[in-house]
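By written order: A, B, C and D. Residues from 1 in each chain.
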Amino acid sequence: MKKIFSLLAIAGLTLLIGCGKPSENSGGSSAGASSSGGGKKVTIALMPKSKGNAYFISCKKGADKAAAELGVELLFDGPTDPDPAKQNEIVENWITIGVDAIAVACENREGISTALRKAKSKGIKVVTYDADAQPDAREFFVNQATPEGIGFTLMDEAARLCGNEGEFAIITASLTAANMIEWQKHIEARRSSKYPNMKMIALRPCDDLKDKAQSEATALMSANPNLKCIMAICSPAVPGAAEAVKQAGKTGKVKVLGLGLPNENKRYVHEGVTDSVILWNTEDLGYLTIHSANALAKGTLKAGDKSIKAGALGEFQVEGDSILLGKPFIFNKDNIDKFDF
Amino acid sequence: MTAPLLQLRAVTKSFGALRALKGVSFDLQAGEVHALLGENGAGKSTLIKVITGAHQPDGGTLEINGERVAHLTPASAHKLGIACIYQQPALFPDLTVAENIGLRLEPASAVRKVNWAVRQTRATELLKRIGAEISPDAEVRSLSMPEQQLVEIGCAIGAGARIVIMDEPTASLTQKEVQLLFEVVKDLRASGVGVIYISHRLEEIFALADRVTVLRDGESVGTNQVSAMNETSLIKLMVGREVSHIYPPAEGEPGEVVLEVNKLSCVAGDVKDVSLAVRGGEILGLAGLVGAGRTELARVLFGITPADSGEIILNGQRVTIRSPQEAVAHGIAYVPEDRRRHGVILEMPIAHNMTMAIHRRIFSGAWLRFGAEKQLALDFIRDLGVKACGPDAPGGSLSGGNQQKVSLARWLATKPKLLILDEPTQGVDVGAKSEIHKIIRQLAKEGLAVLMISSDLPEVLGMSDRIVVMRGGTITATLPGKSDAPTVMAAALGQTEAVK
Amino acid sequence: MNTEKHGFKAALFRHETVLLFVVVLEWFYFNSVGPRFGSVDNSFDIMRHSVEIGLLALAMTPIILTGGIDLSVGSLLGLCAILFGKFWRDVGMPIPLAAACTIGVGALAGGLNASLITWLRLPPLIVTLGTFSLFRGLAEAITRGVDTFTNFPASFLFLGQERWLGIPAQAPAFIVVAIGIWLLVHRTTFGRSFRAIGFAPEGTRYAGIPVERRLALVYVLAGMIAAIAAVIYTARLGQAKADAGMGYELFAITAVVLGGTSIFGGVGTVQGTLLGVAAIAILNNGLVHARQPREVAGMLTGVLLILALASSILPKILATWRARRQTSLNKTPVTT
Amino acid sequence: MKRHFRELSVAAALLLVLLALAVLAPAFYQPQPLLSLLTREAPTLVVACGMALVIICRQIDISVGSQFAVCSVAAGLLAANGWPLPLVSLASVVFGLIMGAFNGWLVAGLRLPSIVVTLATMVTWREALRWLRQGQFVNLPDGTQWLGLSQLAGQCMLIVTAVVLLVALALATKHLAAGRFVYAVGTDAEAARLAGIRPQLTTFSVFAFMGALVGLAAMMNVVQSPQVDPKSGSGLELKVIAAAVVGGVAVSGGRGKLWGVFVGLLLLACISPALTHLRIEAYWEKAIQGAIILLAVVADGVRNRKETV
């Protein structure tokens, strides 16, 4: 008998934690009964590449704002550990729940496309943002900036900082991240076409960990004494590389730039360690993604449209099946304080 | 006469049905070596465990220097100056000798500085005192069993214990080490320590002890001055009881030779060129003292420690046995000595235990057949009279005697040609003992060759058709079944001249 | 010396019924919260998402029954996924042959664990910790960190994503392995020897059972099942990457222990493990339906594991507590 | 000499690697990068010392990664709220102590298996932290980095702290009775009980002490940069267990030396920078680490087998 009481306690506890805690930070929706049936509120499910990433927290801020404006129920969930299969599982769960639209930042391009194709076959509208899936697996791709745009801007900025010649190294999140491979291709294209005597001497992964990016940057600098610039193309790597350069006492000698959030890099930009942070307004990205998903669900956005109206942010260009947030934005000493994300 | 150093009055202790101590009174004076003598299962080790606090007595009192001690634990006994040298040394294998002695003797408080210099000198001095050429820096793991025994003795002496109990300390020591140990014991006596000395070696008792108490079946049959005793009177006291329980008589003539072993030796198992033969239908008793190498011989025959040289011939055919599986395949069965660790798996139901050795035979194609298993278990429960609440009662829920029957059932199920029994009735209550004896005799009648290892002298005499006596890993004498106790004991003790 | 009526069976039986009760309770709760939770589609979702972890848990059960453990199954899944991709794309083998070779590699990897554990008598925890990073390292080295294997033929992807005769295509494979392991553990002499080795390795050797061969069997089997899981994982995802199966070994151990199998060996059942897998799968799936974040699933799994552990030793604590109380109460001798 | 054979063989391996680097990639030896490598490995060394004690006591703790992350974020939040640094350090150590004591109570008090207990606490604490912080970085006030000292002074302080702690613990395990009790309980808990040592209390204190060391290490990590990444400490448990095993600590308990763990950690830590210097692709790192661990394990196995048989 005693045994039964003890495991009954388990069941009680599961219930208590399961429903007791209000889910204050997982999307605006209440945990209780959800609306169902026709004429219902549009449900949009938003998935970040991984949940432990500040970059996607700021995307979610914009998404929440858009959801509130549009009166849309927003689900926000994603894998906490780097297992690609987890993204598929959550998408498949959403299919079963019967959400109206799914917006995903794809960790691995081919893997996620399997799940997204199934969602489309069930009539769920699919939009990707930040990192694209295979074109046939989604209707639109909300592209913060075209890969060419990102690649070229990064390369131009790096060349500008190094006076168009010298060695530079790239620190990426993981060697298999689809969008980063895309950016690297364009960086290389831009380098070979415009800056022949800029030489990329190394490409190192940092698994989205600031500490690992710092160790990689330190090792890169000591292994290549005349390294002139470190290009960090995943958000945690930018402050990591900057801290490494600062600790190596090579501020100014080794330039640091990369794709990162202003808030995380303000300190380093003011200290002159990080010269320029290239990014886009992540909140706008989240905002635009929800608007696009909503428009798609409501049918106001169809293939072939040339532009889309996104609430307070106004018009956005649509090129084929990708909605362009705009050109990548360069934050530097002068303008970085104006932004808070 | 000051109060005795240690006084036990009417101490009783029983484990379930087995009444190990039936009201034993025993006293130990300061500066005295008091020998404790008795066969296996007479209650010696239980008495020691009561004195050292490892077991709580069911009844009776225990006094130290006149004050009554109620609740004794190993830790409180340690403080009261009671030290015991067990046969299985409780040492730390990965630590050095100096540290082992240090940890046993230093106060238990964790927050103090360890003085390695003191540990080193104390260890060296203690080891010198007992004449052990062991380096204090050696890891205990690399020491042989006798060396570990000497370290245990060192710990006891180092603890400045007032009461030192030595359980078979010389069992595996060389003659030289034994002499040095005598010096140590004499020093202890001179310094007023009370020594309880347990040994089968009568010559040691006569050389060392002042008084001797003989235990038999959990009762003390007399405490006498050693000077007033001689060997035969002691042996008579030890085995004196008329054979209170009748051993089933042997019938019929034994068949031809089933097992023949010549010049068998195994260095790892310290068995040295043993030769013997066992006939079908015959019970060959293998007598000898603790450490005589009988279990080691059984392990060699059963393939647990394969033989280095020598021949094993089964039914006239030479066989090599390198693993228990091969032994079982050749029809050899071994009921092990350590029942709880090797004989029966306590957590598993007795039916599973019984079929453990015959998986290939009873479960053809590896598919378990619960019906056949249950039936086999029920048959053995009926035939061997196992008292249990059913075939799926766990082995651990049975008494010692019944566990032994389950272990026996496991090996009878293999329908062996040769059955090796190792201390079949050790720690078994008297009732179950005679039942087991009847079973063994019945098996012999049915033509099975039985090799029975036993330290229980009356059992050896009552059951065996022929007796082989071992000492130090070799056979010292082969005696007819009907020999008397003193001759067997004498052979076991190595007084070979008494035998001729 | 009276014991519960039929001790061994009762203790085991009770843990599973309570776990079944927890699983049913979970199911009903989530069904009340998420409207579509109870639908057939979702039940198939749950099954499809827990096939790999379920297979690894099945592979782990015999190992834990013998008192061992295997931390390398997760990394082995990753390595096998990569090799399966390589066999198919670079070596050009047809899918079934590639799968067979992958299972062969899985057996070899299991063999490596087995030989170190049995021949050198090394603790399984440390051997499999070494092979844990070796297999992951090999997976990353073979793909030079970048390479991934994709666009598998539709017929193969069918295995991971579509329905076959109404049930998820990978369900038959899982059911076959589950039944196979169940029979092995509960209905064959091998299973009986696994338990005996878990309870008393020395005692089992004295009973004439080849302990080394049995241990080798469980580790090689685990390697093969990890390879099967890798093939199904690749089919479900449509992609093979070096970081496949990261952390799956911990999920598998959680499911096995939740199912009532003791980490010390001997006690445990395959149905208990399956219930453990179900409990975790329903929890993860249900919380998405209840719109709770992923982290809550992780926390609850951890808490469930601790409670399952505590409940497995609760009778022992109460027994010692009762015994202590009884001896202090009456000092009089216990009559036999 | 013989008793130190195992540790010296690892030291020899490390020396070999360093010599190879000196020849093939002299750039490795610039002072600045070496200093920052050692500074970053200092917290790991502190955790490795604690883990060595846990393993010597024949237990294991795979929740140190989660404990490290929780303590780091907690310390960061306290510092951000203006607490004075000494108080923040104390709070971090206390947080670690509490988590370690919880593990210790479950393992020693309820006699539960440590591998499964720490597996459960690892998952629970890690997911709870993610749920509360959602991966948000914690920005620290200005005075926190390097405790307000200069970078060089800060780095040296951290390295010295770690080394001093290593030496202190090495002495404690050699000369303090409590240290020897850990060895005694690790090699044979029953013999320890008979010798009057309290095995349950020793096991409990080993886990609590492990937590405290993780708290200290977390603080040493927080002061190294102006912001705290909540994902710091991921993979820490495997790194320190590997360092202990390579450093000669026996999983069967009772054997191992702290300076061996120090050498083991250095060997594993210098693989990644060495690869960068030797221009070897990054993806070889895990395979090489796995090979080193297996080599160490097999070497121990062969040595034991020669001794016992």
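In this text, a contact is a pair of C-beta atoms (placed from the backbone, for glycine too) under 8 Å apart; a residue touches a chain by one contact, two chains touch by 3 or more.
Bear in mind the structure is a predicted one, so any value in this text is a computation, not a measurement.
**Student:** Which pair wins on C-beta contacts, A-D or C-D?
**Tutor:** Per the contact counts, C-D leads.
**Student:** Quick one: subunit A and subunit D, Cα centre-to-centre, how many Å?
**Tutor:** Chain centroid spacing, subunit A to subunit D, equals 33 Å.
**Student:** Compute the distance, rounded to whole Å, between the mean C-alpha positions of subunit C and subunit D.
**Tutor:** 29
**Student:** What whole-Å value do you get for the distance between subunit B and subunit C if each is reduced to the mean of its CA atoms?
**Tutor:** One centre to the other, that is 44 Å.
**Student:** Using CA atom averages as chain centres, what separation in Å is found between subunit A and subunit B?
**Tutor:** It comes to 73 Å between the two C-alpha centres.
**Student:** Of all residues in subunit B, which are in touch with two or more distinct other chains?
**Tutor:** Residues: none.
**Student:** At least two partner chains per residue is the criterion; list those residues in subunit C.
**Tutor:** 145, 242, 293-296, 298-299, 303, 310
**Student:** Multi-chain contacts in subunit D: which residues touch at least two other chains?
**Tutor:** 127, 130-131, 282-283
**Student:** Would you please name all pairs of chains that touch?
**Tutor:** A-C, A-D, B-C, B-D, C-D
**Student:** Within the complex, which stretch of subunit D touches subunit A?
**Tutor:** 25, 27-28, 30, 32-34, 36-37, 39-40, 127, 130-131, 134-137, 139, 151, 155, 221, 225-227, 229-232, 234, 272-273, 276-277, 279, 282-283
**Student:** Can you name the residues of subunit C that touch subunit A in the complex?
**Tutor:** Result: residues 11, 14-15, 18-19, 21-22, 25-26, 29, 33-36, 39, 41-42, 45, 48-49, 52, 145-146, 148, 150-151, 157, 160-161, 233, 236-239, 241-248, 283-296, 298-300, 303-304, 307-308, 310-311, 314-315, 318 of subunit C touch subunit A.
**Student:** Quick one: which bits of subunit D touch subunit C in the complex? Just the residue numbers, please.
**Tutor:** 60, 106, 110-113, 115-117, 119-128, 130-131, 238, 241-242, 245, 251-252, 281-291, 293-294, 296-298, 300-302, 304-305
**Student:** Given the complex with subunit B, which residues does subunit C contribute to the contact?
**Tutor:** Interface residues on subunit C, with respect to subunit B: 1, 3, 5-9, 186-193, 195-196, 199-200, 202-210, 266-267, 327, 333-334, 336.
**Student:** What residues of subunit A sit close enough to touch subunit D in their complex?
**Tutor:** 25, 50-54, 56-57, 80, 175, 202, 204-205, 208-211, 214-216, 218-225, 236, 239, 243-244, 246-249, 263-264, 267
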